[in-house]
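Two complexes follow with chain A in common, the first pairing it with chain B and the second with chain C.
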Partner chain A sequence: MNQAGQSRWIPYAFALPAIAVMAIGLFYPILETLRLSFYEVRLGEAPSPQAFRGLRLFIEVLSDSAARESMAVTLKFAVVVCALELAIGIGLALLLEGKIPGMSVLRTIFVLPMMIAPVCVGLIWRYMFDTNAGPINAWVSGFGWKPAWLADSSLAFLAVCITDIWQFTPFVFIMALAALQGLDASLVEAARIDGARLWQVIWHIKLPLIMPILMITLLMRLIDALRGLEVVYAMTNGGPGLSTELFPLHIYKSAFVTQRMGHSAALSVCLLAVTTVLSAALLVFNNPLRRGTSS
Partner chain B sequence: MTITRRQVLKTTAAAAALSLPLPYYARAQGTGWSKLKGQSIVVNWPSHPHYAVAKKLLPDFTAETGIKVELDEMPYLRLKDAQVLQMGKPKGDYDVCVYVIMWKTEYVQRKFLTELEPMFQNPELAMPNYDRGDIIKGYYEGLGLVGGPRGYLPGPGAKLYGLPYGAECSVLAYRKDILAKHNIAVPKTYDELLAACRTVKQKEPGMGGLASRAQAGHQVTAGWLLHLTPNDGLVIDDKYMPRVADPAAIKATETFKEIIATGPDGGASFDFGQMLNSFLQGQSAMYLDTISVFGPARDPAKSKIVDTVGYALHPKAAKFSGELGGFGMAIPQNSAKKEAAFAFMQWMTSKAQDVKAAAQGGQPMRLSTLDHADVQKVYPVEVYKECLKISNPDWRPIINEWTEISEKVLGVHLSEIITGKADIKTSMTDAAAKIKTICERAGYYKT
Partner chain C sequence: MSALGATRSNGLSAVARFGQLSIAWLLALAVIVPLLVMVSTSFKTQRQIFDGGFSFIFMPTLENYRNILEGRFLGYVGNSIVVGVVATALTLVLGTMCAYALSRFTFIGRTPIAMGTLLLRTIPPAVLAVPIYFIWTSIGLAGLGGLILVYVALNLPFTIWLLYGFIEQVPRELEESAAVDGCGPFRSFFYLILPLLKPGLAAAGIFTFRIAWNELVLASILTDRNSRTLPYAVFLYIKDTGIDWGELMAAGVLVAIPPLIFTFVAARQIIAGLTSGAVKG
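Showing the complex of A and B:
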């Protein structure tokens, strides 16, 4: 092999350890989950030839009305919380991007909800929404309204959304603020000299420029929203009925309540497929990495 | 040197005091317990009022036997995950597992538990004065026996795999002051119970009639089951055919829905703790669930209604029928310290410890405890004895698939019914079809 041929392979040789670690650490568990999804095994049992079911567990998942309803609830939840978190987070970032005294303290306060363990968040908000003892009803009862938040399908879904928005809007805020503060001030200045109004500066200058960061933020929030488990587990256990049963909770119940590990693996593969398709669609619509390389 | 009368008396008393414990402990322990001294066992048990009391007894166990206890405590519905993972290994970390009654059949079928009869026959391990006949029969059979008729009832083929500890039956607790205020007689029938619920809801501002569990999943099914067998209903019959859409089950579901509608605000999302607190904090006039209310109801730190609670028998619908459930203790098959674990189980459920636990608010497991003067001072023993008579060992079908049926089928459909999202007949017919599919998959209909 000549010198040029050798040098062509050198980068691959250097990358090999990293690829091996990725293959073992990332793909092996996914492949094991895929393998498990072909077997009807209970928790604590190893897959055996007698337990092989082929695609039957996937057919069961796709024909199960509860699984479909849970997926619908999850998608609705993801759309609602991602949209509202982006809107509120970006709005707050635009409001607070200027030089404000004590901003560093404010920023720390804003990110506090993100630091709380999700189970604790679920418990805190379960108490907040308690019909009889919760502070929210203590406030709204002044208007003659005493809603049973977690005992009504629509209100329970709303309560779960509010909780997620409370916890993760600060993440969007921090990302958007960092992006805004990284903008070239001369572009904004030039637009203002040209007579652009505030909303025109925001709409035509700032938002397009921070769009790559916002897309990454949206992608991360979407994936997170599709994986939500602990908060609903602690707040509602998926109820009333299936009104707040996010798909990860459905998977959890299949694995640990009914102990059907193969079935829960099939559900997990379906969720992975949905998450991959949605993420890919988002990247096709607006891929910040591609934009970054082309510019 | 002269010996005074006082010195003689002192010496005699001291000698008696020193010598008493030795023969007492010799009788109270198996002959081989001394060999277990210094061992350490791991016990997996629930966060529950009875076990909070039981925890106080552990230092005495270690002092008397020399066996150390490491506790792994968790919410009771989380126990199964941890236990199945541990008991599925060749060598597990748990030496004693506390299980909920509904898991016993599955655990035995999966060969997770140690049969106890051979250990009771071993004089080195068995407490001579343990007296199994003194344990409340329904609890002993309901929690401990597996392999009999339907797999979980007492009878031919049944073997002992656990001992009841924290076992329960159902009782009606009520606010004497509220019922008296509205001239409501203590309900003896379901018609009277529902009428009382309506009256309280209408006439007592901010208060519900009966507190019930109703959160989606296991809790709502447990709440509904309380009314199923009194209405002569069944979940599945002897041929494993679902009966939840039968008229009796529909009647029970209508009753349950009305109880939630006339109950405290937000009651459709209550778990066990919220239901109990609703009663103890004065938001509900009545409580119909396990006897674990006895302890907290007389504890001023937990209850605002200490002096106003009365107890009565679970009301009658088509017949008298109450819950039989709660917890039992067992030894995993893969425990390396079965002898020490067995000593622990016997000691905790012995006569002396049962009295101590009951006197502090725990749940009595023994007939002799119910007759003990200290326990009678704090426990409504007569009502409890009546409740035990109607407790039903077939209150729910304890088949392997019960958890799936309870949480994923009934736990969803009943939740939708009580929150008004689904019609009773349609939803329960749908639930019956799903239960049939589960039983079919489990192979119950193979000829």
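Showing the complex of A and C:
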């Protein structure tokens, strides 16, 4: 009897400390963002009834030219880097499938760009693309070409994309390779015996079978591409103009540079809505709860 | 066995295998060259950096490191270590306990907690910047303590679900038989389960420490001159008069060292963490 009475509060004793911290550090701040997005307040001001604007800040966000430009840049960035990283990463995984000597060393090397600080990544590539001192111009100047990478809006955007591709293609590669190595070899063998060509095996058997993992990989990359700001903060600070101002960076600058806290909160709500939808989509493909009960 | 070996190597010719190997190592080179550029630049004088273009061959100097370490940099290293270690320890303890509750008990509120934390895994730190600044400054929680609290909260959702996967692999019979022997739930958690979770704890610990050590946005708004952590301190070397690349890269190297060490020591756990959930094994 004592046992039964005791066991009712035991799960809470295990779960509550973590839940309390998340409630204070995540959940309450999110609610506060929602509340602040209704008030036109500057940084450091408390929201007052006079500053209440209802949903007007959201309408403002959608008609604000800087916010719209930042959204367009972010969308372009996310599509370009995700498409290229998946294409290159999956292509390389198909090429390098099978036993390669030293693969564990290679995988260790591939993880490095994801582990070091995004700030470091941004600064390294800021130096790489530096007009006068940078290695890239030292290497291309042999062709009589000395572009000012980070001072030109389209070249700066290209540079930011190259940096992201350098940083995260290895992630796609590792995921795709793990998926391919998990495939049932007999399926591929059966297709071979039936006379399927190499590309037929890849297109009709391997890719469809690893598709769920590729979808998870795509969603994870997409969410991260919409979430990060530190690399561009260190590399270009969004410039020149707004050409590399990714949306999270725009949120940050709206709050702490132009100090429009309500505006920034409304931008935050928009971003949060998008990442939450993507996060929910990720759960459709990969829900640890469902996995736990089925196996 | 030999048939399996044949399908594994795909009957590739020696030329094809050589091609594979070259592609693989070219790729590794592409990944590693920018890192080597950072390291080599950190050992150059300002003159070597700006004269005659980039080169990997030069007379190295420790000048940049000496300049950095004579300034306030060491204090910022200390701040980062405190934040990283405390946030990681707290996240692991709280996260494992919560994961254990979710894995082993059915209780009222379990589903909302599970779904909530699953969705919170992807929250953009930039979204937290405004409210955290607003709340933290109004209750006077800025500084290292406030920063640690945010980092623990930010890391808990991922940690809970990474460890949930590891706990699910521990057979329930273990605790059931311990309970028969009179071992309570807390004792069996700390003495039976926790030691079995070492690989999971290593992976979760590395990921948490990495975020706490590398994070810039929240650190920049919650810290001041004295409580600054490394990623923000690095920007001190970008001055109005221009960038001191040598010192900046030396600072970058020092910031990158702990994550690099972790990667070389525990690459297997890191890859398991990165692919966790999506790929079995």
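To be clear about the criterion, the second predicted complex is superposed on the first by the 242 of 295 C-alpha atoms of A that agree within 3 Å, B and C clash if a C-alpha of one lies under 4 Å from a C-alpha of the other, contacts with A are read in each partner's own complex, and residues count from 1 in each chain.
What we mean here is this: a residue touches a chain if its C-beta (ideal position, glycine included) is under 8 Å from a C-beta of that chain, and two chains touch if they have at least 3 such contacts.
The model shown is predicted, which means the values in this text are computed figures rather than measured ones.
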Touched partner set for A:A72, first chain B, second chain C, both or neither: neither
Touched partner set for A:M175, first chain B, second chain C, both or neither: second
Which of chain B and chain C A:R107 touches, first, second, both or neither: second
Partner chain(s) touched by A:L150 [first = chain B, second = chain C, both, neither]: first
Partner chain(s) touched by A:N132 [first = chain B, second = chain C, both, neither]: both
First, second, both or neither for A:L55, with chain B first and chain C second: neither
First (chain B), second (chain C), both or neither touched by A:M261: second
Touched chain A residues, chain B compared with chain C: C
Chain C-contacting residues of chain A that also contact chain B: 43-44, 130, 132, 256
Chain C contact footprint on chain A (complex, rising order): 7-8, 10-15, 17-19, 21-22, 24-30, 32-33, 36, 43-44, 46, 92, 95-120, 123-125, 127-128, 130, 132-135, 137-139, 141, 166, 170-171, 174-175, 178-179, 182, 185, 188-189, 213, 216-217, 223, 226-227, 229-230, 233-234, 248-249, 251-252, 255-256, 261, 264-265, 268, 271-272, 275-276, 278-280, 282-283, 286-289, 291-292
Complex contacts: residues of chain B adjacent to chain A: 80-81, 84-85, 87-89, 110, 214-217, 219-220, 264-269, 271, 278, 283, 401, 403-404, 407-408, 411-413, 415-416, 418-419, 421-422
List of chain A residues in touch with chain B within their complex: 42-45, 66, 130-132, 146, 148-153, 156, 236-243, 245, 253-254, 256-260
Touching residues on chain C, where the partner in the complex is chain A: 4, 7-10, 12, 20-21, 23-25, 27-28, 30-32, 34-35, 37-38, 41, 49-50, 53-55, 90, 94-95, 97-98, 100-105, 107, 110, 113-114, 116-135, 137-138, 149-150, 152-154, 156-157, 160-161, 164-165, 168, 185-186, 189, 210, 213-217, 220-221, 230-231, 234-235, 245, 248-249, 252, 255-256, 259-260, 262-264, 267-268, 270-271, 274-275, 277-281
